[in-house]
Every structure is written in structure tokens, then in C-alpha cells.
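The following pair of complexes shares a single chain, chain A, combined with chain B in the former and chain C in the latter.
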Partner chain A sequence: MNKSLSHADVKVGDTLPALTLPAIGRTTLALYAGASGDHNPIHIDIDFARRSRMPDVFAHGMLSAAYVARALTDWAPQRQLRSLALRFTGITHLGHRPTCSGRVTETFEAGGERRARVELRCANQYGEDKIVGEAVLALD
Partner chain B sequence: MNKSLSHADVKVGDTLPALTLPAIGRTTLALYAGASGDHNPIHIDIDFARRSRMPDVFAHGMLSAAYVARALTDWAPQRQLRSLALRFTGITHLGHRPTCSGRVTETFEAGGERRARVELRCANQYGEDKIVGEAVLALD
Partner chain C sequence: MADKSLIGRVLNHGKVDVEKGRLRFFAKATGQADPVYSDEAAARDAGHPALPVPPTFLMCLNSEVGSLLDTLNTLRLDLGRILHAEQAFDYHRAAYAGDTLSFETKVADVYEKKGGALLFVVNQTRVTNQRGEHVADLRSTIVQRNA
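This part shows the complex of A and B:
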């Protein structure tokens, strides 16, 4: 369990430790299909993907979203999370290595507590953004 | 729930209703990898399969074995099953349509009950055997 994040620990401009994942492979996508309940063959069946005019299968968006959430909860306990909003901006193809990162953009008072706003992104090894978004965390 | 099998119902030469499955596809194999815990990439990653000198991914042997067991328990309640022994005799490739069938070869007394021996097989649409084996069932 990571330790709780206090208001003394966090200031605007702070960055989360980046989380870099192994290259996306077919096995990961096959197992994620079962684990997530998203059985769309576009992610696991190369023949179906090609019939759908894609060059190959590609990653579930929610898989990368889960990686972003992991980067966040590696940094702060989940109980401190107040909101998480993500937007998909590109396709994660086989062989892409996702790196999830974040940066504190604001600290403020709301709901009777001190909070921090964190800008989040997930990019591949070529610096192409695949997910952007933000989280709000309560600070102890 | 299928009804129990009594000794009056079963005689040598009887056949089980054949169970024919849809053609084996990549999605089925991806989901079976997660469901079974057998994450061997040879069944779900075409690149890995080709590096392993196979033309493509192919079905988990235990998937076909599960189909054989389903044909059996569609015919007799599982509580009547005393033994099940299967042997793999060939590779089930993508596009193969498994048909599981069985035939009563013997009835006999053992363990204080009447039993039936059932010869089982799973073949593809070309009549190529992929699994052969036998089960012993207790008869009510």
C-alpha cells in the first residue's frame, strides 16, 4: 500500500512517477478480453480486424485507461481519488509501449477538503498521445 | 438438467446424441485462454505460433476435451460419471468444426452398481479424429 498523500507533499508542477508498460502483444489482448468481458473480436482476431479494414488487431482503449489508473494509484491511495475523466485520442497498436504520466496542475479547496487536480496522459514510445485526461485527488 | 440414465435405458451399441460445435475461431481461443488459465501464446498469438514453426494458432487440447465432456453430460448427469479418460490424436486448427460422439461398448457390474462403458471421440468435419477415449457411467 502506498502511503497517503498529504497537502504538504503536493504542489503545482509535481509529476507522478511515470509508468512504462511492456509492448502491447496479442497475448495481453487475448487475456484482457476475457478479464474485462469485452469480447469484441477486433482486439483478438486478426482476420476479423482485416475484414474491418484495420491492418491488425489493436488494444482495447480501456486497457490503456487501466494503465493510467494504475499510474495514479501507484502514486496515491485509491481512497483519495475523487474523480477520473479520460478521453481516447488515438489507437494503441501492437508493439506500442504505453507510458503513463501525470502532473499536478492545481491545488484547491472543495467539499471541505484540500484537493489536487492532476493532468494525465498515456503516450506510446513515439510520443503519440493515446489518452489524455485528469483526476482530482483529496489531500490528507 | 438431463434426466438420469437407468439400466433399462442403455444397451450396447447405443449412441450419444452427437454434439457439433461452431468452427474454431480466434475469439473462442482468446476467451478460452483466460477462462482456463492456459495462457500459452501458441493458441492466441499468430506471431508466436509462426516463430514456433506452426502455420497459425491452434486450439487448446483441453477445449476439445471439454466439448467431449459436454456431449457426455448432455446425455447423462455428471453425478453418474465414474471415470473419463481421453487421448489427443491430432491438432484442431482454426476453421475445424468439432463433432463429439460416443457409443456404448459394454455394460457390466462393478462397485455394487450397474455400469456402462462409452467409447468417445471428437473429430473435425473431415472425419479426422482429434480425441479418442472412454467414460464409465453408473446406471440407476
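This part shows the complex of A and C:
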């Protein structure tokens, strides 16, 4: 469990502790398909993937999105999270090892509270971006 | 193929019970090590009444409301050619195991890029709980490769 994030703790340029995940395997995708309810065969059925002109199955974008959210909630309790906006910029293939990172780009007042804007990134072990986005968190 | 006439169309709506076993399975599948998301005692110690719904799981619950194939049929999109392009969440209040959440999804936008080679469909979902309180808004962008 993490302690709440106060405005005194956060300044522009601060980075979130990076979260590095194990390599994505077929088991990872099967478990995520079951747990998420996303049963799109492109992520779990190599025959379907090949018929769709992909060399193999590939990861759900929302799996990496869940990893990005983990990096955020490892940093600050979820109750402080106001918004999360993510763009999927590349496909995560089998064998990729995602690393999620973030950096505070702005602190501001909105909705009667102090908030921080955090730019987010999820990249593989080759430094190729798979997700870019941002979150807004309320500061205590 | 989807076109602008779909904008405003309600794609699906319905209610979903948030089950704690499902939340534990999601925690396992995403490698979640924080016990707040799988251990009720840890969740209560952190001030939660029950296991909290993690930030991206609302999108998963939303997919329980309609079938992907029916949705793609309505949108006239082809499963083998689509990718998830963007996903956004605005959070208004927490959701927990034991809640019954209502989801209503409408087509918010349809547009093309690269002379029609890429077709984008944006869906907007309003999430409310069993007390009628506004929990979150989701915005999901799907892209279809037409080239």
C-alpha cells in the first residue's frame, strides 16, 4: 500500500518509479483474455491471427494500459486519480518486455483542488513506444 | 463500413455486477502486487469498503454489456482489421466489488485519415452505479485498416 501524495511531495520534472514487466508470453495473453473478458481471437488464436495477415498473436493494448495504471497506483492511491488518457502507438508482440514510466509535467488548480499532470509511456526493451498518454491526479 | 450517420447511435447499454473473484483474477492477470486489489483486509485497511475496481477494469466490465461481434456488426467493422487506437477515462467516484454498474455507450465520432485508408470510430460510455451516481466516462477509439 502506498501513502497519499501531497502537493508538497510533487514538483514538475519528478518521475514515477518505472515498472518493468516480464516478457509477454502466450500464457500472459490467455490469462488477460479470460480476466478482462476481451476474447478477441487476434490475441489468443494464431490461426485467426495468420488469416488476418498478422505473423502471430499479439498483446491486448489494454493489458499494457493496465500496466500503466499499475505504475500510477504504485505511485499514488487510486482515489487521487482523476483521468487517464492513452494512445496505442505500437503493437506489443510476444517476447516484448514492457516498461511503464511517467513524469510530472505540470501542477495546477482545478475543481477546487491542486492537481498534477503526468505524462506516461509504455515502451518495450528496445525503447519502442507502445503507449503514450497522460494522467491527472489530485494532490492532498 | 462505418460512416458519420452512426454518430449518436446507442451501441449498447446494460448493468454489470462487480464480482470480487473477477477483480482477483484481473489482479493476477496483470501481475498486480498491491494487496489492496486482491485482499479484502488490505483494501479495508486502505480505507476501501471492498476491493476497488482498478482504473482500466471499467473498460472490461463495459465489454460484458454487449457482444464485440454485435458491436462490430452495427459499426460495420471487420474484426481482423481493427486495432484499439486510444482509450481515455474520466473518474468521478470509486467503484467497488458488490456494486452494480450501468454502462451506456454511444458513437461519439466517425472519421477517416490518409484518404480513407484508416477509419476511426470513437465510442463514449457513461458509467453510473446502483445509487445513480456518476462513476466515470470512458472514451474508446477503434481504427480499421482499409488499405
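Just so we're on the same page, the second predicted complex is superposed on the first by the 140 of 140 C-alpha atoms of A that agree within 3 Å, B and C clash if a C-alpha of one lies under 4 Å from a C-alpha of the other, contacts with A are read in each partner's own complex, and residues count from 1 in each chain.
Keep in mind that, in the parts below, a residue touches a chain if its C-beta (ideal position, glycine included) is under 8 Å from a C-beta of that chain, and two chains touch if they have at least 3 such contacts.
Fair warning: this is a prediction, and the values are worked out from it, not measured in the lab.
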Query: Can A:Ala66 be said to touch chain B (first), chain C (second), both, or neither?
result: second
- prompt: Is A:Gly34 in contact with chain B, with chain C, with both, or with neither (first, second, both, neither)?
  reply: both
Message: If you tally the residues of chain A touched by each partner, is the higher count for chain B or for chain C?
response: C
Query: Looking at the overlay, does A:Ala23 come into contact with chain B only (first), chain C only (second), both, or neither?
result: neither
Message: In the overlaid three-chain picture, which partner chain does A:Phe48 touch, first (chain B) or second (chain C), both, or neither?
response: both
Query: Which parts of chain A are in contact with chain B and also with chain C?
result: 31, 34-35, 39, 41, 48
Residue ranges of chain A touching chain C (in the complex, touch as defined): 1-2, 21-22, 28, 31-32, 34-42, 48, 51-53, 60-63, 65-67, 69-70, 72-74, 77-79, 81-88, 91
Task: Sort out for me which residues of chain B touch chain A in the complex.
output: 25-27, 29-31, 33-35, 39, 41, 44-48
- prompt: How about chain C: which of its residues touch chain A in the complex?
  reply: 22, 25-26, 28-32, 34-36, 42, 45-47, 52, 54-57, 59-61, 63-64, 68, 79-81, 83-91, 94
